[in-house]
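Here's the structure, in structure tokens; my notes come after.
Letters are used for the chains, namely A, B, C and D, taken in the order the chains are written, and counting of residues starts over at 1 for each.
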């Protein structure tokens, strides 16, 4: 079986499976915004974006967007029936107040303990923290959606993050192009593998030791 | 994360209110914004030892506020009189007229209830803080008065402030004008008052509304309370105009 | 000249003179709400009420009010063009944030230093603080509108308040049925007298010593 | 307490912005909600040593956000490039793409500007606190990260929080959809974002709007920012559709 790394679209499709009916969900900038396109139309998921929209939907067709209806990445979005707008203080009240059931954020690094680093590359000397620290503090469940390794093949899932943190012990689930890993009190639990990959191969690209789920299986999207 | 927020009856809407629950109840004090039918249902339901967070402890039924003789508006007094209230956190435990005391004031004089009197802005801000994930804040309100007793004081920019803590609840009973089935709410006039803030601060917010519409029927720019904050909605009887509409008994 | 105590309506008329064009004004429960009826129609004064209305007007004609448009006393009010509604947190942000130019509140007692007591009569053992403490802390100028003496003729303007305070050093002007008195760093300055009253007579009904304004004159309404 | 809030020109609206002023600038980062014409007028007016409080430090002009090739959206970068900015308090000093740096990032690397990076919710809440008379508050955001450095930490209910202080400004430059002549504002879509909060927190709030109407023409239930918070309003040119309408240079 050929070893396949999941594309961003496939990762977004897998992440969409984590969103239960009725959940209030925040999608971070970058890859996570793709998740909006993969929520089944018959599943009622309330998408919230920190720039003040509740109830947005998939991206509009090319050229049909409204610059006054954008997501957290500044990309144009559509509105679902029942959407509404809130100002920034209310938007972060939703986040920090524990009203977001699931947040999906991109990450540079995630640690064994669920620490998240996603806002600054130390070598750049300057970074943009945006709303990520608030989501890390406030979301009931935080999912990191990230590439498993750096461009030169080094692990991004580490014993300890080496980049400045966005939040401590906040990540509950990691979805990468290679695996789905749960952060548990006992350690990182490998639950799913990208097609064609073995646990051993994923372990080699992961710094902390992975526990194997009894029902370890292939990612299905 | 239930997606069916519409309750068929008021009884169903308040069925799980438990003994000892902390409850926010909307309304400024008069008839507007008061969740009359939820209050009536809660009296029937009978949960006891309640802590009530509300602007007044039933001044509408003490004062009348324009209702005709012999007609009495529904407010939290009906719970006090029914022995369901253990404690109030409120700004107005008494009515403006000492000769027309609230049921709560009478119960307080008999030593049957506890009272925490809080300035209105502080009460509101404590609820908002709870809803917004803020643990505590420094306010100038009450410095140099009994309000500061037992609280930490601190100087910022040469001015004294008091530390006040977030105030959350198990349930909020509020009234709105319209809801869509996702729980988005719009209000009418000054009856908006505490409802949007209580909706944020309660674990379960229950809204009594005049109309329920489908998602998309409310203007997204004009929604005041997002459905994220509302767990249950229930429609008032449509025949209740006039003083009945104001929840008169 | 006959000695006259100002009626509540006349006191409200006098208080209305303190409201400059463009001012944001909050009127407390009781006598202060009467002020709304005495603002000249051509003077743009923005009346704010803590229950969440900005831009209300005089009382409506008997029987024509709307129970969803009330003032802080629960009395029905009218709306002026450009009125809007805010929720309670925003309403008290307006107050505590220093956006109210003038607040007019009733009072049981006012001290020489401008301390205000208006929420609890100790003998009653229970009282309602409402929004008064927030207004005392937040309004840029606070005017106490009150009867000069108790029902049995004792002063309500005292060296020190004997009732529980609403706020310290917050009152800037006192308007009573007998006088207009400014709270200054040097003490209480008697500026205006009710028709037929002398400074000496008012002083006898006032506990702290009154300074006399150089232009001491009769109240005109 | 001026009652004539309508300015005839953008130049007049920003005439008294002084060297060293602290300025809030609305908008999330893209073209929506950005006070384009006020920014252009401020560049012409020339006030220097400004402290800018804004969500981004000009990522729209770095990223384009859908504008055609050769067309560049107006944002705070024009002030940075003109040497008017001394310091930024912001959540996004950099653009998402390292290969398309903001003018601010380049100036920062040259040591020409100061930077305070603040989490977005904290930035918002600090501004709201200033507008609401709250001196400081305890937030969980940033605990265990560099955000907590130099700040007081405190445990409430077993959880750690950071003390953050109110953040006010001399001026706020915001954009809204419509104003009435009393300064009441309504917005459009996600372009609402920071504007209602900045309007509370600034001593002088200046709103750039598409339409100005008479008092009474806005729905009292749907006004988002009360005129109490708005000192000046100025109308955008009506001919600015398309990318011009988005403030392109």
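Keep in mind that, in the parts below, a contact is a pair of C-beta atoms (placed from the backbone, for glycine too) under 8 Å apart; a residue touches a chain by one contact, two chains touch by 3 or more.
Source: prediction; values computed, not measured.
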Would you kindly say which chain has the C-alpha centre located farthest from the C-alpha centre of chain C?
A
Using mean CA coordinates as chain centres, what's the chain A-chain B distance in Å?
37
Nearest whole angstrom, what separates the Cα centre of chain A from the Cα centre of chain C?
56
Centre distance in Å when chain A and chain D are each reduced to the mean of their C-alpha atoms
28
Of all the residues in chain D, which ones touch at least 2 other chains?
125, 128, 132-134, 139-140, 187-189, 220-221, 224
In chain A, what residues contact two or more other chains?
85-86, 89, 92, 95-96, 137-138
Those chain pairs that satisfy the touch definition:
A-B, A-D, B-C, B-D, C-D
So in the complex, the part of chain D that touches chain A is made up of which residues?
28-33, 56, 59-60, 63, 65-66, 91-94, 96, 98, 105, 108-109, 115, 117-122, 124-125, 127-128, 139-147, 187-197, 224, 246
The chain C residues in contact with chain B across the complex are 29-30, 49-53, 65-70, 73-74, 76, 85-89, 91-92, 95-96, 115, 124-134, 136-138, 164-169
What part of chain C is in contact with chain D in the complex they form?
20-24, 44, 46, 48, 54-55, 79-86, 89-90, 92-99, 101, 137-138
Quick one: in the complex, what on chain D touches chain B?
125, 129, 132-140, 154, 156-157, 159, 161, 165-166, 186-189, 219-222, 224
Parts of chain D lying in touch with chain C, wherever the complex brings them together:
1-3, 128, 130-134, 180-182, 184, 200, 214-216, 218, 220-221, 223, 226-229
